[in-house]
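Listed below are the structures to be examined.
Presented sequentially are two complexes of subunit A, the first with subunit B as partner and the second with subunit C.
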Partner chain A sequence: MNDVNGNGTATTTRLGEVIEGSTTEFRTHCYDLYAAPPLGSLVRCGDGDSAYGIVCDVATQSMDPSRHAIPRGRDSEDEEDVYLSNPQLTRLLYTQFQAVIVGYEDGPGIQRYLPPFPPRIHSFVYDCSTEEVRTFSESLDFLPILLSPSINAQDDVIASFLRIAGACHVDSNVFLVNAGKTLATLMAGQLPRLNNVLRRISP
Partner chain B sequence: MSLDLTSTALQIDSMAVELKGRNNEKFRRLQTAVDAIGDFDVDAYQDKLEQSGSSVLWNVPSFTGDPSKSYPPAPIPEDFCVVAVDGSHIDIDRHLPARCYLINTGTVYLRYGSQSDADLSSQPRLYAEEDELVIRDHNAPYRQQNIDGALLGAKRGVEEIKALVHALHNTPKDVPTVGLVDGTLVMFGLQQYPDFVVRELVDNGFVSALEELRQMAAERPLAVGSYISLPRAGEVANALRLQACPFDVAACEQNCGQIPARERACDKAVGGLIDREIFSDFLDKGHRSSVFKSNHPTVSRNYQGHGIHFFYVNTGEEIGRVEVPSWVAENEGSLELVHALVIDQCRRGPGYPVALMEAHEQAVVTGVDRRYFVELVEQALYDQRLPTYSSEKNISKRQKWI
Partner chain C sequence: MNFFPDPTEDQQDKRNAMGGKGWHPEDVTGDAVRKPLGMVVAGSLTEGMEVRLDGATSIEKIKVGTFVNIQGRDLQFFGVLTDVSLNSTDPSLRLTPPDVSNPFIFDVISGTTAYGTITVEPMLTLSNDPIEAMDGALPSKTIPPHFSKVATASENDIQKIFGSEDDSHFYIGTPLDMDTKLCLNIEEFVKRSNGVFGKSGTGKTFLTRLLLIGILQNGTASNLVFDMHGEYGWKGTSEGSREVKGLKQLFSSKVAVFSLDDESSRRRGLTPDYVVRIGYDEIEPEDIQVLRESLSLSDVAADASYSLKRKFGKGWLRKFLAYPGGEEFGELARELNVNDRALSTLKNRLERLQRFDFIDESGGHNSVNQILQYLNRGMHVVLEFGRYGNHLEAYMLVANLVTRRIYDRYTRLKEEAMGDPSQEPRPLVITIEEAHKFLSPSLADQTIFGNIARELRKYNVTLLVVDQRPSGIDDEVMSQLGTKIACLLDNDKDTDAVLTGVSGSRKLRSVLSRLESKQQALVFGHAVPMPVVIRTRDYGTAESYKELGFKDEAELAIQVEQDIEDLFGPGS
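This part shows the complex of A and B:
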């Protein structure tokens, strides 16, 4: 589902809606199965004073928690055939993702810390365009939020985000070197961990 | 106090021992039944059935072919649809402050082939108006029958088949389609009710919907049927009773009325058997039995020519029973379509038609749903400043004082 800006050109894709939200994170139910953005992607939720989040967890599961999936492909030629032969699956499974909030729109500007209020339930969630990612990542003041121990696999989330953001900048190397310096400060005393993250964002 | 499981378990053990004792004798009767199916003389049976008329106490079917034959499924079409409906209800609760009932119908549309697609939905409908809570005799409006209990079950059956009609109107007209309902197409258990009740539910309800389906099927590749898992019907077994009957005319009451059950000649030959036990012996995986025509009195009296036929299928997991209207049974293409797609649905299930399983999931009203329903009713009445009350019995069940 593409949303269109004032010039009539497609900008971002509407991915789904918020089904759980707090001032620190929100959970999005995707409109389409397996249509979640990759780990570490920057997403925006809400029309108006939007909140920005970085995808930190993606899951696909049964709509009904009391029903679980069973193998269905013994006689299928490929995985796609399993879905074609069982069309109900696309209605019984859903994909959701969790995003940690790293900033919000504050009038004309962007704040890179937690918003005063959580996103509303059913807020639309969009992926961010290259331009939005570049603008948001011009400052990395939000990185301490991503280092919060409440996030699972936080180092992978940070590395994924930096790789995605780096690709949006004109000089990716300069961006990543600056990001590495920021991380070195934030992760002082955690040398093995810092090295792990830096290895993952090295070109 | 909860159930005394120790005492119950002892009785269950005794039951199991007794069942084991009966099993050997039953196995012998089953062999007799299978042999009898192999030697069945359809013409002689039909003659005896006609001669005996209503003096036969057993519900026996008419035969349309050799009962010992089995038929493999036809190949399934490349593109096809299956539409299934199921229902669930919340009955009138006399402990509640409002008289009302709810019927929830679940509908599933599955399309297979080049344009694979699915749509799953449910439609709850609350009945609380005065006119919705009773069935009235239009000729004598003072005569009315409350809709609750078994009658609500029958009303739900009517709503299910109406939902099937509605769903089929919205499916592609050029794709072979089978419409399925859960359970039997025969509206059992209405004999005890006045004629105006039967007329309203069967003639004006169920049969009217069947007629609409028949008209739709005349214009497009459409067949409808119902699927019964683990069927307990014994109509074919009853036919074997008739064949085993030593009298020229099977006047049950007159000939054997003084003989205790299990001692009659038909009991000794095939008594206690059900159809699925007989067909499990000679239906290969995927095959169906011959088609039989139900002679249930309600069908004969009220179905206005929509005879109900049935056959048994070996799904690979169980012997299931499929019921179809006469206009499906008498059209070879439609019959083959129902047979092939029921087997295919059971394969995808696995074990039970996947469309019916999902329709059930859409329709089911859980215990938690029922509690919320009561709370919603009480809250709505409270919001309208209406008195909310419950019986002391109901209150005592909730509070469980010691």
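This part shows the complex of A and C:
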């Protein structure tokens, strides 16, 4: 039984550390190259009073901004071969992801709005288990945050999140229809946009 | 995709309630179940309340005319559903509809971006405070606040508003899509003149028969039915030629059948209690006035009958019809100061009356007194016309003549009762068919029926008007009708005429014109607290007769034995 991020259900994987944070979003530097969670995944940062974020942007780039990656695989059999013959690449490149904060743990409960303080730098970032995703998505009060214009490609982020969350619910169709109805209310007057999102989350 | 064990029921419920699905458990506050419809989102007292339907409510199951409850904070409102419409939060929906070929998108959009609304006309209010609620329902003078919950009325609501079946409440039918008995307050009903309207074949006769039974069972008033087509007395027919029992068969000891045509009655297996004969001397010029249209008489010709009465006195008609033609006739015209041709037209047309066997020369048959005697004894009289039912002149002549006498008698009795209240005449309900012929604007102020509709309530006589062309009835008479029961009417003029003077009539129009063509009627007026659409109660099955109190022979025999035992003791 795999969870949405490819990890076991009982435990969660530590993905990286926060390297930049505000009350609305945080950036995580992954420990491993290409080890970012998929777009729209729910992640948790910090131990104790954790903040929850939804991955809205993933990027892999060179450590040194002045040195861009160049093609290296002309004589290689396949892509994997490129990395095997250039082991330094995993050290010269890194993967980061941006997560928009959608809630936080407040004692025993979960609040689905912005936390009072941003996550601390170097907070550990974990991917969420299926159980956590299901619990968090039992209420969709945070959806308006995802519609904020500061997020790039909001519609894709929303659609990806709902697809992931839907798979965590026993009756994913009921969940998706209810989520769709909430979106329909939030996106009143933007029918073509709503239609696009719905098409993406349609089972 | 069952990756995980079922969440707890609690979570399941939360999820159902989430996301604007609008699901909420059925409201059981009214003891019996109310089916939720939606909530009030806009409206006014004049335009009715706009109610947004829950996503879970299928718009196709909503019917105009449904009896609706709106739960306000301090008051409960009761109203009628008068309109159903489709709306959307996004005007572009019409131009670029969403991709509804995808069932998921269809599910999401329905009830959110695209939703249904209904219009509810609030009619009555009932306080939520149990002490204030004892005053009963009052006409609605305000409206429920925003977001009030709207549901179809429960069985309990119907009983609270319309009363339960008892001596004064007669079960007339059921509200739309419900099995609750909806009752008419018969005591209030007989206090005023009433009307049953509807196109031909919509069930007017069935409804009227039920109303007559209601009045009969209640016992506060007597019925006099001018039964044009022999539908009420012994037996009637339903569509599909099934025979149904008439009043006499069901309540033989309380109903007397008078007949103008005993041959026809006997052919149908009935021995009339009395065969009515009318003497020429009993016909008055007022009776001729009523026949003006059906005999195609000009005003001058019809008015000449008054001059004839003055000249010849009692027996004027007989003498006039026997009057010789030629020169003498011209002299008569000059003497009466009437146009020669008008008078001869009058004579020609009145000669038609000679074809009616029930009118004879001898006169003084006292038929009217017989009817009155039966009525005074608390009997109900059905006057059958037999083959004369197809002659409108005969029907109008007899109905008018009999009613005129009754009018005289009742005004006298009522005046006597002013001195001695114990002499109060028993209330009488006169049923007439083809009422627009008697009550047309040109005749209503001249015929006795116009008088009764307008004022005879004071003299304990009221009308039950049965008609298929209400627009032909004088406005003043229509406005005086206490309770109106309207089956399907699709002519605009008729619909307008029936709804004149009713609050919210514009909205009731849509209800009225969409009634089913059978067994459905809109009831409104004095005898019901608010307009309501009913499915008329069944009539014609053995079970329905039993419900109405009919006992077959075996049951009667048991009853007799029981009575004997009660009277004389066991073993006698």
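The definition used in the following text is that the second predicted complex is superposed on the first by the 193 of 203 C-alpha atoms of A that agree within 3 Å, B and C clash if a C-alpha of one lies under 4 Å from a C-alpha of the other, contacts with A are read in each partner's own complex, and residues count from 1 in each chain.
The working rule: a residue touches a chain if its C-beta (ideal position, glycine included) is under 8 Å from a C-beta of that chain, and two chains touch if they have at least 3 such contacts.
Keep in mind that what you see is a predicted model, and the values were worked out from it rather than measured.
After superposition onto subunit A, the partners subunit B and subunit C occupy separate space and fit alongside each other. Applying the stated contact rule after C-alpha superposition, one finds that A:D64 touches subunit B and leaves subunit C untouched.
Judged by the touch definition given at the top, the superposed model places A:L84 against subunit B, while subunit C stays out of reach.
In the superposition on chain A, A:L140 makes contact with subunit C only, not with subunit B. In the superposed pair of complexes, A:L198 makes contact with subunit C only, with no contact to subunit B. In the superposed pair of complexes, A:G189 makes contact with subunit C only, with no contact to subunit B. By the touch criterion stated above, A:A153 is placed in contact with neither subunit B nor subunit C.
The wider contact with subunit A, measured as residues touched, comes from C rather than the other of subunit B and subunit C. Contact with subunit C, but none with subunit B, is seen for A:S172 once the two complexes are overlaid on the shared chain.
Of the two partner chains placed by the overlay, only subunit C lies in contact with A:K181; subunit B stays clear of it.
Superposition on the common chain A brings subunit B within a closest Cα-Cα distance of 37 Å of subunit C. Judged by the document's definition of touching, no subunit A residue lies at the interface with subunit B and also at the interface with subunit C. Of all residues in subunit A, those touching subunit C in their complex are 1, 130-131, 134, 138-140, 167-170, 172-185, 188-192, 194-195, 198-199, 201-203. By the touch rule above, subunit B contacts subunit A in their complex via residues 108, 110-112, 116-120, 348, 354-355, 358, 361.
By the touch rule above, subunit A contacts subunit B in their complex via residues 64, 67, 72, 83-92.
Of all residues in subunit C, those touching subunit A in their complex are 1-7, 11, 14-16, 18-21, 55, 89-90, 92-93, 96, 98-99, 102, 104-105, 107-109, 111-113.
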